[in-house]
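So that you can tell them apart, the chains are marked A, B, C and D in the order they are listed, and the count of residues begins at 1 in each.
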Amino acid sequence: MTWINAVVQGVLIGGLYAMFAAGLSLIFGVMRLVNIGHGDLIVAASYLAWAVVHATGLHPLTSLVIVAPLAAAFGYALQLGVLNHTLGKGILPPLLVTFGLSVILQNGMLLIFTADTRKLDAGALETGSFALSPGVDIGYLPLLMFATALVVIAALQFLFYSTSLGREFRAVSDDREVAALMGIDDRRVYASAMALSLAVVAVAGVFLAIRSNFDPFMGPGRLIFGFEAVIIGGLGNLWGTLAGGVILGVAQGVGAEINPGWQVLAGHIAFFLVLAVRPRGLFPRIS
Amino acid sequence: MVEPLLRVEALRASYGDARALHGVSLELRAGETLALIGANGAGKSTLLKAICGLVGQNEGRILFKGEDIARRPASRIVRLGVALAPEGRRMFPSLSVEENLILGGKARRPGPWSLESVYALFPVLKERRRQPAPAMSGGQQQMCAIGRALMSNPELLLLDELSLGLAPTIIKDIYELLPRIAAGGVATILVEQDVTRALATAERFVCLQEGHVSLEGDPAEHSRDDITRAYFGT
Amino acid sequence: MSALVSRATRASRVAGLSALGLAAVLVSAPWWTDIATERLIGEFMVYLALATLWNLLAGYAGLVSVGQQAYVGFGAYVLISLASLAGWNPLWAVPMAGLGAAAIATPVARLVFRLQGAYFAIGTWVMAEVFRLVCAQISALGGGSGTSLTPAAMKLVAATRPAREAAIYWLALALGLGAVAVAYLLLRSRIGLALTAIRDSEIASDSLGIRIDRVKLAVYVLVAGLTGMVGALVELQKVRMSPDAAFSVNDWTAFVIFIVVIGGIGTIEGPILGALIYFVLREYLAELGSLYLMILGALAILVMLTAPQGLWGFVQRRFGLSLFPTGYRVRGL
Amino acid sequence: MALLSLDTLSKAYGALVVTDAVSLDVSEGEILGVLGPNGAGKTTLFNLIAGAARPDFGRVMFDGFDITRLPAAERCRLGISRSFQVPNPFGGMTVFENALVGATFGRAPEHSEARALRALDITGMKPKANVLAGGLPLLDRKRLEMARALAAHPRLLLLDEIAGGLTDSECVSLLTAIRDVHAEGVTIVWIEHVVHALLSVARRLVVLNFGKLIAQGAPSEVMGSREVRSVYLGETAHG
């Protein structure tokens, strides 16, 4: 029974990983940019939510009303002001600049919030659960997290394939030059994509902060989980990132069941196994 | 004397360190059809790209309706009324046929062209509107590329390598539709490697050779040999 | 009229002689300076070596790795295992760390080379995390909290403290200057010609007979081996080691990348200049703590956006200066 | 025996067939000219011969060996060198170093410096030996393409549009260079739009259109043939 429980909990935590991954996947899809600072931005969103909750007394989930727009606005400005200047010059400039961003964010958070761990308190939501079967309890929080991941990915999917903004995302991703011929200003489209990515980051950051303690140096680990989910699921496939997140979550859950020290390691091993057998991921988009 | 729709003055254009145009000048009146001919590498595509803002470094002037657009970004130039159907069609592969067309209308200029009128011109596009663009044949993609350019209701339409890689019957079909497009008053620059066909369609031609204008005028007033010489440089 | 191919420039001859002089001065340092200075120079040598090696990978072979801490940590763990568990003289464990790192880099490359560009970068990082997590499971070496080299092991290096410090210092000097020498000789060799060509255009390199994959693999393995030796050195310098410190992405990769980028990527001089700047900044700004790291990150971003060739690239373009002539000059034209 | 032999070589990108069952023999020591309009598949054909692309179907034989699956680098080592239509210089290296790469990793690595210098000499690039290739104007880049390919000591040299944009006197010296190379026993296949240049050295022409070989033979027959006039000069063959 503990094994089934490990798998079920792994599936649910996979939703959180899918949210880490979705924003990463979105901007890679639109502008081929890999944001090394993605994980640190998630943690920054956690701190922002913490600050908002402490200043206003809002429930952590309600704080998203403030946190998500702020994060999106920051993403828009970051892309227009900095990241757009790194595109089209090879892989090093975006990599280095987002690496620098990562170091700045980590140390900035350390400076403002110190190295003490913090947590957001979501009240009864955190402790409530129901029994799926004897020995398998489903917590309301993990369930809500998974459901949110489904909604986020479905919304991104809808936006990408059924709205005019999504059409422009796909167009600049296909062919920047011809997109410009249509009157599309690619810099603004990229900025919109980054804003959207950071809105998802905000949601992920709030759930991260409710679920566990966080500190300024947690970012790189979250980046890696998101990255693994993207690669396992297959590049450019949003539902694939959910599958990737779930597989990662299950691998970690099963690993932890074998030996608590193997939790994260088991996820990495699953990632390298997929890479060895299916280098393009399990569900690559056919192109 | 009326100001021409387009006036290119001593245009030099470069890609990186390589210069492709060495001082090209030409004029185009509203509603006119101009054939731009020349061998491979003569600079025809570069000239079209320079006019619509896709070449990084332009020296000289490109006056469109009296306004210098030589250093404007492409996304602004289309709003002024210049549209290009690029060489190789360049459909957006992850968009459907209809989405390609809708994007062509993003500049939102007023005029006769809309989804309905483009579908009326190319009925086959309407049949395939839900399909992804790469699923179409080369000829259908070319129609879609023309339609996409028309959707912005341009005053100047640039058609690059219209018949490249297309079967002869398709080429014939497309050429038969060109007068219907010109009837709306849009001026056209036509780049075409089928020189005979281009000269038969256009009112005037400009021949480029190695980035210079080697000959221009009314197709009827120049002998075939003159044109061949201007074309190959022999 | 026959043309003659030569490789040196006037600046390079002057630089070569000065370098020999400087090396002699550095070698004699234990006789005229104190332990604190020795340690500072030793630490500088660590960063000089890491930056030079990372530059070979990213600046020439196009392999932008953010996982070089895997080999630093691996080298450290090889040294501490051989010294503490097998009773080796730690100095003898240094070459073993290099061989071990090179050996393990070969299968690692087979996996991470499947990823392209930025994904390759993160893939190498994940690999480094795997190394860290595995090392944290070794309870004989203190598990997650790590362990220290025993005094007995340190005594095997040299009996007295000054002699020990000097030995570790010379090892650092050998690895720091050695890494630059290896980079220089490598870039002057056939492989160097291939690497420079690959840096400029992979398509053209392929069409001219360069076996790109083999060249990249060779460089990756060589760099891993030398990085492993640097890791062993770091363990000797620090004595105490935990998995988190041994496999730190910030210490062994982020700062190294900043050094190379600020100094000038794709040149031998760049990492040297970058390491000097890094140490000068550190001497004056380190007390700012996290603010200093933020300044460093911002400086690297600024250089990347405004002068992607780095400071040495600027010097080179402005004055045509080259201290390490890896190129060829045709004379008597 | 033919030095190069293509057997029903075919390649498609998606729905677009760019090489359509091309079969062709090139004899040792010949200069073959390749003509065809834009988009006819000429450069793709070179990519298939040199190994930059793999065919979907068909075989490439070189000197009696099947090289269809061999990577480009190995083909260069066997003696197939090419120039690129869009020049692809090693921008951070000097002209001499560019040629030296070909000489060092090509068919015969010994005396590489001497061979690199000789290749620069033949192509007229020697005066610029110490210039960084990234700063060269277009024409010099094209010459460098040829020099680099030559330095690799090829048995088969593939030239892709190297005469475009040359003045008359430059064109004459290019033709002299090509004749010199040919006199040393190198087999040459040359794609060119400057027809008169091609006609002055090629003994045989092939014409591609829509990826198909539509004509081959002596230059006079080929240039006079109706198919060629129809596709090339656009004289639509009515009736």
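Keep this in mind: a residue touches a chain if its C-beta (ideal position, glycine included) is under 8 Å from a C-beta of that chain, and two chains touch if they have at least 3 such contacts.
For clarity, every value in this text was computed on a predicted model and none was experimentally measured.
Asks: So which chain is farthest from subunit A, going by the mean of the CA atoms in each chain?
Replies: Checked the centroid distances; the maximum from subunit A is D.
Asks: Could you see whether A-B or C-D has the larger number of C-beta contact pairs?
Replies: The greater number of contacts lies at C-D.
Asks: Measure off the straight-line distance from the CA centroid of subunit B to the CA centroid of subunit C, and report it in whole Å.
Replies: Roughly 54 Å, centre to centre.
Asks: Using mean CA coordinates as chain centres, what's the gap between subunit C and subunit D in Å?
Replies: Roughly 43 Å separates the two chain centres.
Asks: Please work out the Cα centroid separation of subunit A and subunit D, and write it as a whole number of Å.
Replies: From the centre of subunit A to the centre of subunit D is 50 Å.
Asks: Could you draw the chains as nodes, link the ones that touch, and say if you get a line, ring, star, complete or other?
Replies: Topology of the interface graph: a ring, with each chain touching two neighbours.
Asks: Which chains are in touch, pair by pair?
Replies: Those chain pairs satisfying the definition are A-B, A-C, B-D, C-D.
Asks: Which positions of subunit C touch subunit D when the two form their complex?
Replies: Residues of subunit C touching subunit D: 3, 5, 190, 193-194, 196-197, 199-201, 203-212, 266, 327-330, 333.
Asks: Give every residue of subunit D touching subunit C within the complex, in rising order.
Replies: So the residues of subunit D touching subunit C come out as 50-52, 71-74, 76-77, 81-82, 84, 88-94, 96-97, 100-102, 104-107, 113, 117, 126-127, 129-130, 148-149, 152.
Asks: Can you check the complex and tell me which residues of subunit A touch subunit B?
Replies: Of all residues in subunit A, those touching subunit B are 164, 167-168, 170-171, 173-175, 177-186, 287.
Asks: Touching residues of subunit B toward subunit A in the complex: what are they?
Replies: 52-54, 73-76, 78-79, 83-84, 86, 90, 92-95, 99, 102-104, 106-107, 148, 152
Asks: Which stretch or stretches of subunit A touch subunit C in the complex?
Replies: Against subunit C, the touching part of subunit A is residues 33-34, 36, 82, 85-86, 89, 91-97, 99-104, 106-108, 110-111, 220, 223-224, 227-228, 231, 261-262, 264-265, 268-269, 271-272, 275-276, 279.
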